[in-house]
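Scrolling down, you'll hit the structures one after another.
In the two complexes that follow, chain A is the common piece, with chain B as its partner first and chain C second.
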Partner chain A sequence: MQIRLYRNCQVEQEGEVWFALVKFVSARNKDESNQRLCRTNRTNNTMGATASKLPKDQLSEYQELTFLTKQEILLAHKRFNELLEREDRQQIGGSRVPMNKILTLPELKSNPFRRRICQVFSTSDLRDGSLSFEDFLDLLSAFSDSATLEIKSHYAFRIFDFDDDGTLDTGDLEKLVNCLTGEMDNTRLTSEEMKQLINNILEESDIDKDGTVNLSEFQHVISRSPDFVSSFKIVL
Partner chain B sequence: ALGSTVLQNAQGFVEKFEGALGKGKGRKLYAFKVMMAKKLIKFNRDFENFKTACIPWERKIKEVESHFGSSVASYFIFLRWMYGLNLVLFGFMFGLVIIPEVLMGLPQGSIPRKTVPRDEQDTAMDFSVLSEFGGYFRYSVIFYGYYNNQNTIGFLKFRLPLSYFLVGIGIFGYSLMVVIRTMARNANEGGDGADESEFTFCWKLFTSWDYLIGNPETADNKYASITTSFKESIVDEQENQKDENIHLRRFLRVLANVLITCSLGGSGYLIYFVVKRSQDYAKMDSSQLSWYQKNEVEFVMSLLGLVCPPLFETIAELEDYHPRIALKWQLARIFALFLGNLYTFLFALIDDVNEKLEKEKVIKNETIWALNQYYANYTLYHNVTQNIPLPEIAPADVIRGPCWETEVGIEFVKLTVSDIEVTYLTILIGDFMRALIVRFLNYCWCWDLEAGFPSYGEFDISGNVLGLIFNQGMIWMGTFYAPGLMGINILRLVSSMYLQCWAVMSSNVPHERVFKASRSNNFYMGILLLVLFLSLMPVVYTMMTMSPSFDCGPFSGREKMYDVVIETIQNLPPFMANIFTYASNPGLIISIVLLMVLAIYYLNTVSKAYQKANMDLKRKIQMVHTTFEPRFMLRNTPLPFIMNQCLYYLWYIPPLYW
Partner chain C sequence: MDAVDAVFCPNRSGAVSNPLLDQLPSYQSLLYRRKSSGSNSTKRRSISRGRYGSTSSHSGSGRGASLRTEERPMPARSVPDHRLARELPLSLEEKRRYKEQRLQQHGELSGWAQWRLSSRHYLKRLKEESVEALSALQLWRADIHLIEGMFGTGILSYFSFLRFLVLLNFVMFLLMFSFVMLPIITATHTTSVNSTFANGGGGECSVYPPRDRQGLVNFHQHIIDLLSGTGFLEQTYLFYGYYKVENIHFLSFSYNLPLAYLLCTITYLLLSLLWIVKRSATGFKRKLVQDEERFQSFCNKVFAGWDFCITNENAARLKHSSLLYELKTDLEEERIRQKMAERSRKEKCRIYSLRIALNLFVVAVLVCCFYCIYSATIFSQQKQAQCQKCYFIVELIIEYLPSIVITLANFITPIIFSIIISFEDYSPAFEIRFTLMRCVFMRLASIGVLLFSLWSQITCGEVCPCGYNHKVYPCWETHVGQEMYKLMMFDLLIIASVTVFVEFPRKILVNHCNCGLVKWWGQQEFAIPQNVLEIVYGQTICWIGTFYCPLMPAINTIKYFLVFYIKKVTLVNNCRPASRPFRASSSTFFFLAVLLIGLALAAVPVVVSIAQIHSSRACGPFVNFTTSWEVVPRTVSQLPQGLMAFLYTLSSEAFAVSFFVITWARPVLFGPDDQNIHLFLAYGLAMFYVIALAGAHKRVINQLREQLAMEGRDKRFLIQKLCQAQADLSAHSSRSRSGLSYRGNQKSSTSGVYVVRPLVQYETQA
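Right, the complex of A and B next:
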């Protein structure tokens, strides 16, 4: 079961929702932006209405449940829309985007942990890493500026746990090091260096000496790091 | 989804039972209070959203971040923060000093201080004179000398001299408040002072990836730097036990420090010498001087700022420190260089000011003598000894004093402008030209320009941040004497943001060694705070000890600048004046200072106690680390209770000996 970590809810009256300025998304290359424009124009012409807009009550609900601001949620909605097939755009709540499409997002394309991120945040029964819109918001919320250290370290632990067994053992750590050192052969570590590195890591962080790093040991290490919070960020 | 159903249930529950909470007479009031609280929360949230939408340059900085990582972007975030601070200060200066004088004060050309003197009038519009901030610029709102000393002006009875004084002090007060608030916020987020070497490997593994990187080239660079850093730490760990030749190292370090102190001393002397020479030049006829002679001071200061840091870096090769420590030494030395230069400049300037004050006395005597002559003539002619009307001289012909405050203001403005010019030229030539040459000359050159020397430049974060901080220090020092300097700084910051963003994206490459100067956020804020205090001191000194010029500026005619505050207090209603008199009683002030000293001592003791508690907890964790291993491996066979206790005590003792 997916754990959604809520921030403190403050119940407020449903009043007028102020649709703030949606941030202008600058295209990474012209083709993309042209395609996007063409697509939205066509949908508007054929559907003719607010097919791709988020309803007001859902917007305020999402604001309660995540750490994102209104602009960020609207921007996420827009970007998620572009990843969906045209037919699915009507019910944005139910449809899922397959993993290979999510990985085309420029923010995730160069990330060595992109597949793990998709798998961790996915609530799909098929365990194929596909994300629904709410999973996507969950992802952005955990990686946003205002998320707390506990939430970030919780998700970081799950991302690094490649075999999903609840602890980081030698195999996980090896895979982690290989992800970080890149795909090229000349950048990989030799097996002695790898052994030495993993020994050092376990020496530093494994308090109960069971050969693995569990969640509390991981959080103990991470909470002391001064730049974890600022580097564990993804912004659309 | 699961979340929204829970939320809806919770909302429904609260709405259902809300009214029941406020029973009896207070129910309506309670409901009203709850409704206002809800509206307030909603308003706060909308305001937060609005504030986020108003932040400028967010896209630009994000682009830089995705190409170069968070350390280069932190410079631009700092630049944007500075821009916000300067905007507020500019608002104070503009709205409370410049606008009232322009709208409600006397117009240009009506009184002597606002008019160009007769002998300067034919050259007043020349570009060469204007570029020195002489001519019409000198007698405009940009500088101190323009402002009139009338106690109240206009129909609103706006007290301009008081406002000028308070804005001058208020600028420092506001800056201090903002800097300390930002430092406190950074300290809260940054975590406690964990030992840097405690978790090296873990941090390298878990926190070294920068998730903001969105560019494949940068990602490749990052992979390479992470690999290098892993390999280095592994080798470092193995070499830690190696014995070095300590004596040679110490000797080299002492030698390096001696060399650097000599060069610092040399640069200070050079500046003093050049400023003295420029004062001699100022007495000569300006048409005989070359451009170099006129701008010698700024030229020399900028040159020293460009040449000395690489020199320090070369000398620091002798010292053989770990890169992070070497960077700290380098920053400290550059700081000492800039500080020394600035203060030497100031001392030379103060000498100049004292000289001008002497000259002023002479001119005052001359004016009085001329006036007496006029009165004598008048008496002779018209046989009247009392109520003689003042001579009617055109404002441009009146004998003028040297007005030292405007001179000081002009010096600061010239220094700032030359600093701007040097920075922009360095960016254009050092980064852009270099990139052009490497790119296009590479086709017809013998060795690979891109891989070898000179290759593309890297963005020098610490140099740029220090430059920004010192520029701000100069602005703080100069604003009191040149209110227009703030406006020049705003223009400089905006153009700097656009120029540097463009330069970084077009001509720089990401760093090879991605140096994580992460906690340096508070380090740079600390330097900014220090620079704030150091720039406060000269201004306060001149305010308190030097007497203002007798014929220019808002404090002319008074003994000291702060007299304007004393006069205002005396004009207040009696009971307020009484409060001020009691408040400035030395006994009260001394007791308040004693109280503050006691509070600082108490807080210091409390923080030391917390640190000690921290160390104890750390030690306990270490002890658990090194506890007898079989105790944990034999989890399924519990040891007898007494043996357990004995083991505990056995391992308690060694740490106590620590």
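Right, the complex of A and C next:
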């Protein structure tokens, strides 16, 4: 609701700002916070800032719902804004950035799991891996410094679960190892080595011996891995 | 029947994980533990404990509960009463809904409870913001952030280690400055304060000819003075010899400078020890715990292998290849281990004899290096005394000869070691560790050899009247300080010049020359172990030198400050990360362990010179004492009777049991000619080691105990499930026969008290 109001207000700014504002206020003078919001935005625009600012109460809500600090959210907002098309910039709340564009971020560019990351965090109905700003915040929150081990391991599991079937089976593990060592032919393990490796992994982690690693087994293993928390991190 | 299926066969398509495993008490408690470790309020902990208790009793109570857990959708399973919305693995939209739901719930609460909740939220926010504001003040936060972003956590740990050393040196400097330098500075600048200057009681021992250059002083001689601490630098606050003050009389009391000087020395050594031990304790415990479960290494490498911080494309490519290399070597290692187990006796004999021979060779190399350092030091000492009017370059080379030899030895030996190790047929991981230990030994022992050769020059048998070679070294402490100063300056020069003259041209060559040989040579690798060794070496010199050159920590702080920027620039511009990287978790412990070895090595010469060697009669605060340590017994004897008695008891029987370290120190306290001071130090270190070890073992024991309790609960739970399944099965198939099988089952399991209760329940249900 709030976001939509906010957007309305911005549309009006492009026209006769004052008149629109008065009209807007008279129409919705119940909602005090929205007025304030509009006014701050107007001043920003008159000062020549093209990018829309994040309203204060929304910022504090994001702070509460994610592990990010204020600076990080503002930086994320700025970066996300740069990815958007020019005409979409005014309505950052609702517009989505396609996966190909997200992948051009330098933080994700050299990550072998970048496609999976986009797919996991995308809430798009089309399953195309496009991210809205809130999805983007979710992504950064899970990869932030202060996220809990549980969150991190949950998302790690979903990222590694390439076929989205809820377990890491042999195919997933093979893909995972290939992602780690590089996709080129000369950088892959030989099939024998792969077989030996996967056997070893299953031996170490598959507690119920069903041939796959499920979420709880995965979290169990990860909780004993000292490097995981420090390495499962993306610094914007 | 369907319920049984759902319990025993994991539903792979629908639920994300096996529901039975999720219900296991051990998993539930894992969840609970994670949650409670995140929160500080005891209130929340007690609530979640209550919740845990209730779920376990629910799941045990019967079929209805198990059905309920399956019916619940995945996210709902992990929605407990009191968890922050952001701790849920949901999308932002769902989190928002969850929060609103909770707010509605809170709306039903009373005003007081609501106020408490909101104030708690507010306090939490305030705390987070203040922590954030404080962390912004940290030194080099942005730089370290950048490095982490580009090269990952392994290299980050090197830089945070460097930052730790800068901080340590700065604190050491503050200590020396405020208790040694500041009183003298105030004494010289205010008239109300007088100071008594110590005099050595005349005689030939107290003659200290000024070494200032007379007459025309060339510019290059100033450079030599600056680089070697002679000439105009000798009589400054920089060196021991300048502090020739015995007492400073402030208005009402007199400040005993020799005592302060000695106590500062002891304090900085102890402070460093405590700080390092404190820092390494966590890493040490983790390493100990980790060593016990080595069987998880493949999972660690695959699941936690990728460093998501990496943004540099080159670094990413390297990470790929290093992961490939690591996995391949690990698989290889496993195969080798199997092969090693199958080795015949003859082969074993061959390998062991080869190893012994190669180790002998290593020892020979080391001895050769040490002899070179020894003779170079002696040569340079003798030449320094003789040739005062040599050429500029010759003088500089003679001054710096020991440093040059040490650096050369430390450059050549690692290459030899890495060649040798390949013949010794160890496993690849051990190979690297073993080479590293040899390098550590070489580097730190070379300082020891240098000091030993200096010591052999300074002391003379029974012949000399002053207790030391006063003709050549009228103020030997200052001389040792100058040697340390030279080592430190040379180290800095080497680091800077290697960067500018070797790594930078190499990078240009590699980038702009397409010749095959150059390409093969490639860019410089940023090898973390070698770099760490370099700064630990510098720190060891600083620890040794601070007694002789009280401003050494300040110089070292500046030096590491520069080194940080030099290394950062060379890392970003010239280097590529090593192809075989260090893991962040193991490396921090390794760094501190090497640093601890360095500290132990530094403490030995300082303590020996304080307790054993005659202090100079011509300079320094200890002119009136035979050894520096003597100031302590003398001060104790001047104390009032009661305090003396107290100190005496402190160092004797009553505390002997608990503070056995002090018991060892007691003979030293009251009889300076005792040898036990080495033992004192060794015992102190050993004690710290044992304490850390005990802590680690305690943790392991606690973990095991918890695990045992968990296993018990798991077993109980599974048995309950089994019984329940059997009950269902029999209830479905035939009621008449089920009674019989029940009875038999019940009889067989009457020994387990827990199992009986649910069984009875089912029977009444059926």
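Here is the rule we use: the second predicted complex is superposed on the first by the 185 of 236 C-alpha atoms of A that agree within 3 Å, B and C clash if a C-alpha of one lies under 4 Å from a C-alpha of the other, contacts with A are read in each partner's own complex, and residues count from 1 in each chain.
Here is the rule we use: a residue touches a chain if its C-beta (ideal position, glycine included) is under 8 Å from a C-beta of that chain, and two chains touch if they have at least 3 such contacts.
Since the structure is predicted, the reported quantities are computational estimates derived from the model, not experimental observations.
Peer 1: Just checking: does A:Pro106 make contact with chain B only, chain C only, both, or neither of them? Give me first, second, both or neither.
Peer 2: Touch status of A:Pro106: both partners.
Peer 1: Using the touch definition from the top, say if A:Lys209 reaches chain B (first), chain C (second), both or neither.
Peer 2: first
Peer 1: Is A:Glu85 touching anything from chain B or chain C once the two structures are fitted on A? First, second, both or neither.
Peer 2: A:Glu85 sits against neither chain B nor chain C.
Peer 1: Given the touch rule stated above, what does A:Asp163 touch, chain B (first), chain C (second), both, or neither?
Peer 2: neither
Peer 1: Looking at the overlay, what does A:Asp128 touch: chain B (first), chain C (second), both, or neither?
Peer 2: A:Asp128 sits against neither chain B nor chain C.
Peer 1: Touching A:Lys233, do we find chain B (first), chain C (second), both, or neither?
Peer 2: both
Peer 1: Using the superposition on chain A as set up above, list the residues of chain A that contact both chain B and chain C.
Peer 2: Looking at chain A, the two contact sets intersect at 61, 63-65, 69, 71, 106-107, 109-113, 134, 143, 156, 160, 173, 176-177, 180-182, 187, 189, 193, 196-197, 200-201, 204-205, 207-208, 210, 218, 221-228, 230-235.
Peer 1: Can you list the chain B residues touching chain A in their complex?
Peer 2: My answer: residues 1-4, 7, 10-11, 14, 35, 38-39, 41-42, 45-46, 48-50, 52-53, 58-59, 62-63, 66, 70, 189-192, 194, 198-203, 205-216, 218-220, 223-224, 226-227, 230-231, 233-234, 237, 516, 518-519, 621, 624-625, 629, 632.
Peer 1: Taking the complex as given, what residues does chain A use to touch chain B?
Peer 2: Counting only chain A, the residues touching chain B are 2, 4, 6, 9-13, 15, 18, 20-21, 23-24, 26, 58, 61, 63-65, 69-71, 106-107, 109-113, 134, 143, 156, 160, 173, 176-177, 180-182, 184, 187-189, 193, 196-197, 200-201, 204-205, 207-210, 218, 221-235.
Peer 1: Which positions of chain C touch chain A when the two form their complex?
Peer 2: For chain C paired with chain A, touching residues are 10, 12-18, 21-22, 27, 30-31, 34-35, 38, 84-89, 91-93, 95-96, 99, 125, 128, 132, 145, 148-149, 152-153, 286, 290, 293, 295-296, 298-300, 302-313, 315-317, 320-321, 323-324, 327-328, 331, 334, 583-585.
Peer 1: What part of chain A is in contact with chain C in the complex they form?
Peer 2: Residue list for chain A touching chain C: 61-67, 69, 71, 106-107, 109-113, 121, 123, 134-135, 137-138, 141-143, 148-151, 154-156, 160, 165-167, 173, 176-177, 179-182, 187, 189, 193, 196-197, 200-201, 204-205, 207-208, 210, 212, 214-228, 230-235.
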